[in-house]
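Structure first, then comments.
Think of it as A, B, C and D in the order they're written, each chain with its own count starting at 1.
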Amino acid sequence: MGKGRIEAFSDGVIAIIITIMVLELKAPEEATWQALQKIAPAFLSYLLSFIYVGIYWNNHHHLLHTVNHVSAGIMWSNLNLLFWLSLIPFATGWMGENHFEPFPVALYAVLLTICGISYTILQNVIQVCNKNDDKLKIIMQRQKWKGITSSVLYLSAMFMAYINTIISGCIFVIVAILWIIPDRKIERLFSNEQ
Amino acid sequence: MGKGRIEAFSDGVIAIIITIMVLELKAPEEATWQALQKIAPAFLSYLLSFIYVGIYWNNHHHLLHTVNHVSAGIMWSNLNLLFWLSLIPFATGWMGENHFEPFPVALYAVLLTICGISYTILQNVIQVCNKNDDKLKIIMQRQKWKGITSSVLYLSAMFMAYINTIISGCIFVIVAILWIIPDRKIERLFSNEQ
Amino acid sequence: MGKGRIEAFSDGVIAIIITIMVLELKAPEEATWQALQKIAPAFLSYLLSFIYVGIYWNNHHHLLHTVNHVSAGIMWSNLNLLFWLSLIPFATGWMGENHFEPFPVALYAVLLTICGISYTILQNVIQVCNKNDDKLKIIMQRQKWKGITSSVLYLSAMFMAYINTIISGCIFVIVAILWIIPDRKIERLFSNEQ
Amino acid sequence: MGKGRIEAFSDGVIAIIITIMVLELKAPEEATWQALQKIAPAFLSYLLSFIYVGIYWNNHHHLLHTVNHVSAGIMWSNLNLLFWLSLIPFATGWMGENHFEPFPVALYAVLLTICGISYTILQNVIQVCNKNDDKLKIIMQRQKWKGITSSVLYLSAMFMAYINTIISGCIFVIVAILWIIPDRKIERLFSNEQ
């Protein structure tokens, strides 16, 4: 009961988040190559955030797939995650408009850390409500290890922002790759069981 | 017939309402901590409204779950509720941008009262169309009592706004807590019956 | 095949149209009653358009309910209708910001006429693909009569805009009432047959 | 598994893309026919992009219909397509605001080329995962031929933009017609097989 609707609502919110970010890409007034170049940082931060939100949608999709019963705890942990994800367009826009200055980059790293923690909370709440599922346990273990690694990397990106924001940018890309690649392993697990 | 589509449409509208509110959080021009602090009121009002819209989505979800037949009356009471909910981003933005000045805070309280009344109307219309359902009656009784309490608290928040807006803010938080916590009881009712 | 997806897509687009209209309601800078009064025309035009889009959603819902087979013709007539509906936020914003000046009011009337014609085209295309359904025929007959009446009224509202925009406003309200009330008759037809 | 959700998410994103484009149509301040004429280029570019996104939705709908198993590859090729489609509102707004100046028109052509390539990538990834489906092969063959023709036409539109943007505009219209018409053939294939 309700699982379909929580999926539909989350999909709706994530679809809106991923799409309204593009509204931060304001069309320059002049129709020149130089004018377009000026929004390159905004474009890059949009691309990065699109990938991150895509990763969250992807993982969220696998995570909710394992849920049998939707409790109030799951509902609210899910809304908590969606709240922090909904701030990504703001942080992305600020980082892009300010051409990757240290403070917005550090804030972006902090936001990603909070999103990661919120995802972990949702995982734990789901785990408590759906105790004896082996498939779930394996996914959780894999994802928790990745979650901790990501948090450490985000925090280092936050500090690096005050030394060189390019290093922070590279760390963001590394974390994204970390999440994109091993998705396949979980997927294999699912397809093997079917 | 149509129940799935009214749920999908409501979910869509509520998902958009909850997400476009973040567009009111305009990225400051300067990349400093001071610039970020200036949008703290806008952030707080966004957080508050996100929770309120989340509560409405949650309750709406339980309420429509009990519907068997979608009449024109339910359709229009639902659209009436969605209309007032859709004004929350406006009221939130105005309250946040003006750093919680008395008049916008009072207007926010008035809007929440109207949303509450619209929800009660929807409840009554659903009750008339689905007469003999015991589960529904118990939920309605609980929610009506909470609805009246909320309305009284909103109205007091409205008057308090002219004395001290912090008191209004506290009242908003108390009403939110009031709605988040007892959701569990209704949920228990649902899970017991299954 | 595909019917569910065309419904879901249309619902999504209509839900976004009905909700982004509220973005035209810009929060005034000052926190006073006078500042709020200035956006009263914008609020009124938003309310009117919300009701109109709500009526379209409602009718669209009944119309697609009768479809058995989704052809390319239905797909494109549906997209044509969605295109004109998507211009309602623009026309609404322009009418509201200019405090119901003659030209924007006349344009609003023209847009509603085009939306009405697009809806009639969609009806006809659906009728051609689903020939021998009695229920559909009765709905079509009722709605076509209402469609013609509405078009005549919209055109008169267009001309009246240059005499007195209040008359145009009243005509818009009358058409809305015309569509809200007899919906119940069609609904009765559906519930009788079940 | 998951096919419904990838469809729902894609529909959501495409529905948002097609609708937020209208936000680029800013209501002019004056309530005159001259003010309205000034946004005619913005309207035209919106109309063109609406048709293009509609075509993508339509084809995407047929393409995903043939998928049996959703792999990580499909998920990410799909997100890649959605990313480039999400830039259409930006390119549309820029082209419209600058009254079809050469550079924005050329950029629009480049974006359409990239969208076309991303669609072809998604097609190929789906083909690899769903090997022995005849219906799929026929659709793919037809669409690939059209895809190559479109790319050649887009590239010529890009170069023509520096000679005469009206020619580019005509090419965009021709490609759109190319995609709208033969959809019926694929549809016939589907309806014959059922």
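In the analysis below, a residue touches a chain if its C-beta (ideal position, glycine included) is under 8 Å from a C-beta of that chain, and two chains touch if they have at least 3 such contacts.
Nothing here was measured: the structure is a model prediction, and the numbers come from that model.
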(Q) Given that chain A and chain B are copies of one sequence and touch, is their interface built from the same residue numbers on both sides (over half shared) or different ones? (A) different
Q: Determine the centre-to-centre distance between chain B and chain D, using the mean Cα coordinates as centres, and give it in whole Å.
A: 37
(Q) How many angstrom lie between the centres of chain A and chain D, each centre taken as the mean Cα position? (A) 26
Q.
Can you pull out the residues of chain C that are in contact with at least two other chains?
A. 8, 12, 16, 20, 23
Q) Should the pattern of chain-chain touching be classed as line, ring, star, complete or other? A) ring
Q. Every pair of chains that touch: which are they?
A. A-B, A-D, B-C, C-D
(Q) For the complex, give me every residue of chain D touching chain C. (A) 7-8, 11-12, 14-16, 18-20, 22-23, 25, 27-33, 36, 47, 50, 54, 57-58, 61, 65, 180, 183-184, 187, 190-191, 194
Q.
Under the definition above, what is the set of chain B residues touching chain C in their complex?
A. 1-2, 5, 8-9, 12-13, 16-17, 20, 23-24, 69, 71-72, 75-76, 79, 82-83, 86-87, 89-90, 93-94, 97-98, 101-104, 107
